[in-house]
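Below you'll find the structures, each written out as structure tokens.
Consider the two complexes below, in which chain A is the common component and chain B and chain C are the respective partners.
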Partner chain A sequence: MDSRYKLFKSKIGNSRKVNNLNHNIMEERKDFLKEERQQEWRSELRKSIKAKERTDIPRVKMLEQDPFERAKNSAEVNQGLTEDMAFKEARRCLDCADPTCISGCPVGINIPKFIKRIESGDILEAAKVLKETNALPAVCGRVCPQEVQCEINCFYVQKLKKDPVAIGFLERFAADYERNSGKMSVPEVLERNGVKVGIIGSGPSGLAVAGDMIKWGYDVTVFEALHEIGGVLKYGIPEFRLPNEVVDVEIDNLRKMGVKFEINFIVGKTATVDDLKADGFEVFFVGSGAGLPNFMNIPGENYTGIFSSNEYLTRVNLMNAADEEYDTPVFSGKKVAVIGGGNTAMDSVRTSKRLGADNSMIIYRRSIEEMPARVEEVHHAQEEGIEFMNLNSPLEYFADDKGRVRSMKLQKMRLGEPDSSGRRRPIPIEGSEYMVDVDTVIVAIGVSPNPLIPSSMPELKMSDWGTIIVNKETMESSIPGVFAGGDIVRGGATVILAMGDGRKAAAGMHEYLKKNVLKK
Partner chain B sequence: MADLTTKYLGLTLRNPIIVGSSGLTDSIDNILELERAGAGAVVLKSLFEEQILIETEANLRKAYENDMIYSAKSESLDYIDLHIKEETLGHYIKLIGEVKSKAVIPVIASINCVSSVEWTSFARRVENAGADALELNIALFPSDMSADNEKTENIYFDIVSKILKQVTIPVALKIGPYFTNLAGMINRLSKTGINGLVLFNRFYSPDFDINTLTEKSANTLSNSAEATNILRWIAIMSGKVNCDLCATTGIHDGQGVIKQILAGATTVQVVSTLYKNGIGILNEIADELNKWMDDKGYNNIQQFRGMMSQGESTNPSAYERIQFMKYFSEIR
Partner chain C sequence: MNKIVEKELLSNNVVKLVIDAPRIAAKRKAGHFVIVKIDEKGERIPLTIADGDIKKGTITLIIQQVGVTSHKLMMMEAGDTIMDMVGPLGHATEIEKVGTVLCAGGGVGIAPMLPIARAFQEAGNRVICVLAARNKELLILEEEVRMCSDEVIIMTDDGSYGKQGLVTHGMEEVLDREKVNFAVTIGPAIMMKYAALTTKKYNVPTIASLNTIMVDGTGMCGACRVTVDGKTMFVCVDGPEFDAHKIDYDEMIMRLGAYEVEERAAYERFMKKTKV
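Now for the complex of A and B:
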């Protein structure tokens, strides 16, 4: 088992606690899952192969583009599973009586059911199962950290100490299969009830709310500040990890279900929540994300050529900045340093390689074991020739006479005693400073919540972290009828946690509307 | 009325009475009140390196306990110590800006550091925010039995040297009295390029309750008897150092201020007396100084500063006497 699994165990325990808050829903769901498992087709399928035979099958390996080739193009690195590979992997799933994997999924996908649908050869049906609870299965199959969510809770890991069933790979397979088949199913929706629901932000949490609310018959409008729908899925995650086309197809599906999208619409500027209320919106979900980049505030950080990862990735992913002929091309550095050790850092450094850097470096103050990035992303980056300069931290940047960054002073670090997170604290080594030449620096050390919406709603209760305080069970804020989730509540989270918030908020909004609007 | 104007660290103060770094100097409202009450300058509440570390740890724990704040995969959480520190420093920088925009008296920022690693770049931000000067509070308690004497002393020089490279505003250094050769150390430090030395830091005093067997702090506020050791060292070092001397600890009234100036102090810092007597005491101290100068016929402070220093004394050995042989031998 990867050592990082253990490291994040405490957090996983916490997310379970959150799930427990929806106790009643979970109990009902448990009974439902039990009934489903007892259906004849699943019982037959279970009996068709002995458990020992299933557990003897080794975990499938994802097909990938050749590292040398892919570092020069923006096509997707992971190529997906073939049908044969997917069938074989689906046979590994034991269809457990107590499907612990589901407890690790923030949106509660019926994991054994969709995998058994794949095993039985009914892949379109598998995709339908995914869409029962997940508005963006092709996205989640690509970017969720399954290794610390559903897969770590798999029976194989928990009891057999073996590699888990490749749930993420199978999710992606089913969603891609459906998309490529041209037979995309559109989930059923209830008859429109005319109640207007406003969703602020079209990122993963907002889209998850939209997916559930539209199914329940509401008149759903998503307001997006940018010119593209998808939020962080579009501007933050590069094409080689999550093609925009995949996101667009899933958004299109929401459109087919009846969700309306308003782009270039900044709630708080274009119109306030009060304006929208006057337009008949009864309830709101704030999923405006955490778009404010953090910097280290060290000398020279304002020199030209030093970007936040937000700016760098948004310009490349959303504004064609990789194209020199375009209006606002991004400078394509040859010596690129990316500060940070998370997924955004990996996305940035790998993007820089694809834009032609000779040397793309990760500068991270802890060791590689402490990096918060997914194991897979670190592995891919290493394969692509990214240089990992662990236990280093920048102290200062230096520029040429035009103010363009040309070098940085790094300081070596050592690991001290563990802090409250259980991770060893990085301690600077005095006198270890040295210079490294760079022409581009990308700072990827996290983001803060976007203050625009909260500042336009002064009565909204905020935490010390600048996040919106919500009721954990309903996701309702201090203002009745205003719900929130995702990064504006969490400060920084994964796509799937944001979607989990969205689903929980949708349930809370539904209850609120039943009590306050539909009853009248 | 005598002229109380004083030059300290190259800054012009309306009088030599500075309110030292404390809880009284941590907000714009307090500082404006101190200005109205007659303070010559203020030293902002220290930013403690150690305190920021503790705060970071507490916030980190809070973030991990609150499952709604951050996820384990979040880069923000990964760098949360940096963000918390940045927020704390950001508040401090904001305070300097606010005070500078509203107060007329000089504002001296204060940094309490134990190493040279973290603070040097922050000093530049303090300068950019508009602070008139910087007081470095270096507090290394000599309790490490394995510590090398020379290395320990070098930490002071190392910090000072790095800070001086970062800023152009005047820098004062506040130290404690625990050195093997205090006079030599003060003299060497005064030649580093700093503009002032603040003598001495008053350390937290641990104590415990014999009934509950729990630790507590003792003597949170100073008393005027504590000023005598300061008086001795100001008197000894006056005229022998390359920078201003500021006296602090145990100075509670006008008489205390007059004594330190007579010994050679350029300025004094007061805190405990403000907690004990209210900030109105600032005016009383200035009045007492004024009255004494009038009575003695002094028009300005220069006329009597250092008059009772060791160098000017007719009995210089009195300042170096450490035993009370005669005094006690007479007690029957």
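Now for the complex of A and C:
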């Protein structure tokens, strides 16, 4: 088995933790999925090749840009699968009677169905299947941690001890194929019912809500604080992992379905929820994200040259700071240290390399096995020559007379007993302090929920961590008709978990409106 | 939206723009700011709102030319549109009836001070304003400030108008003479530092309104962080006003200069391009 799955199996074992996420969706859809599986085209396809032949095919390898070349450009690292590769990979899928993969998908994509559409050569149809439950398939195909979701639940991993079907690569393939075909299908929407739905924040959770609500006939408006739609997909995730163009096409698709977008609009500031209610909005979804970067609060952290990952990535991704034609500046450091071990840390450190750093380092207080980043990102970063300084933690920064950071004091760590997250706790080694020269530091140790919306709605019940408390089934907050999801509820998670929340919230909002508004 | 309806040069490097922004005009209060991005390739910069008119649906911004973006703003004319503008952001000034309020404004900082002085006067306070500028030419909004003040003291560095001296001299004149209950200072960081030291001597509670580097202006980036009372605060969501006696001005001045080299290079490129 590929090392990345071994790594994850060692991390989360065989327990299908993620399954619980959408246990309900699975139960409800079981019969429907069974019926679909029994359709003639699928039965025929299953019988067309022996299972043994299918399982003998090795897992496809993603085409990638050469590590040396790509570290100098901002083009996408993963180049996608060719049609032949996708077709061959699709044949590996056994179209199981009990498709355990689906239970690992936070948005409940009908995985075997879309893969079998690819196998039968009907790729546009495969893309349609994706869009039945996922508003952003080309995005998810690129940024989902499939190795801990659908793919780890694949029959190949669970029973055959082999590499799983490359579900993520195939998702991306189908979505890209459709986009490049010029024949983008726009999902069908019900007749407009005139009920106004307000979505606060245009990141992944908000877009997922918009995708479902518009299908059900609502009048959907998404309010965005920044000047671009997409939230973290635009300001956070770099071009080399998720091109903006890909995001824009999916947003445009939502626009074609009838979703309205208002940019430069901060709910709570430009207008309050009460103002919007007076304007006829019946129900709200708060998906304002975790837009408040955490710092370590160690001496010297406010020297110049020390950024939050949010600031660094926003300057480069949203504001195009690396391009001289654009007015926003950014430091192109030569010795760059990124503090943290998540996806954002990987995005930051790889960005710094592309901006011309000679030496880009990851400083993480645990070992590589505990890193929360997607395995593929860690792997790509290693290939690109990123230095991994694991079991290290910064204690203090030092600057020159102008206040620009010049060095940092690190302390070595060792691993102790597992903590509440199940990961081994880092313990400082006394007397192990040493100095490292740096000219740029990016702090990527997580984010806290953005206080703007909650502070404008004092009656909203919040947790001690500043997240909005919701009913886990419906995603409704303490204020009737106000729902929430994504990082403002979770406090910092992934694109796909935010989208899962969005879908759940949309169902909750639909029920709420049926009960309280549509009947009247 | 965001169309410039009126432009007026207040001095050779300070411009006043009245902008059509009905939503922001309806919500803005003294102390609020907006984030502005002029065009496709522009940067996002914070600008404190100097005035607003709910009926006309306009807000007023006063900009001093210091770099590329402010230069571009200076070059815009009535009828032009600012591509992106969002707000009102930050906490509004807490206005109460406290007695006598001393407002110390320096340079272009007089612009954001104006609505605060006006609000304090409307709340029934005695308002004394000390306005400071390098010379007569650079003094802005004198008439407007006089309209909402019980007394105005003008200080110029070269003595070309009002009295010669620094803002702190004018402040001391008032503080020595009468009981002041509250003070507000807005202007260059170095000026606010000394204005705060002055009111501290007299034990007068004082706020300073800060204008730091920002990108999003909504708490997301942390570029605007300042140390207040030993703690890191974000000017955009925690401010822009803080207890003037507890701000680490030296750190703030250092952070304001973060992009000095990059900004100078960008300005040179811009000037070269504009001339061609």
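Just so we're on the same page, the second predicted complex is superposed on the first by the 490 of 520 C-alpha atoms of A that agree within 3 Å, B and C clash if a C-alpha of one lies under 4 Å from a C-alpha of the other, contacts with A are read in each partner's own complex, and residues count from 1 in each chain.
The rule is short, and it goes like this: a residue touches a chain if its C-beta (ideal position, glycine included) is under 8 Å from a C-beta of that chain, and two chains touch if they have at least 3 such contacts.
Being a predicted model, the structure only gives us computed values, none of them experimental.
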Side-by-side fit of chain B and chain C on chain A, or clash: fit
First, second, both or neither for A:263, with chain B first and chain C second: second
Which superposed partner A:225 touches (first chain B, second chain C, both, neither): second
First (chain B), second (chain C), both or neither touched by A:344: first
Partner chain(s) touched by A:403 [first = chain B, second = chain C, both, neither]: second
Contacts of A:319 with chain B and chain C, given as first, second, both or neither: second
Touched partner set for A:297, first chain B, second chain C, both or neither: both
Shortest CA-CA distance in Å separating chain B from chain C in the superposed model: 5
Chain A residues contacted in one complex by chain B, in the other by chain C: 297
Chain C to chain A touching residues, read off their complex: 23-24, 27, 37, 41-44, 68-69, 83-89, 215-216, 218-223, 225-227, 232, 234, 237, 251, 254-255, 257-259, 262-263, 266, 269
Of chain A, residues touching chain B in the complex: 7-8, 10-12, 14-15, 17-18, 145, 148, 290, 294, 296-299, 340-345, 372, 374, 395-396, 419-421, 425, 428, 430, 444-448, 463-465, 467, 470, 472, 489-494, 497
For the chain A and chain C complex, residues of the former touching the latter: 225-227, 235, 263-266, 269-271, 291-293, 295, 297, 301-305, 307-308, 310-311, 314-315, 319-320, 324-331, 402-403, 450-452
For the chain B and chain A complex, residues of the former touching the latter: 57, 59-61, 63-64, 67-83, 86, 89, 115-118, 121, 124-125
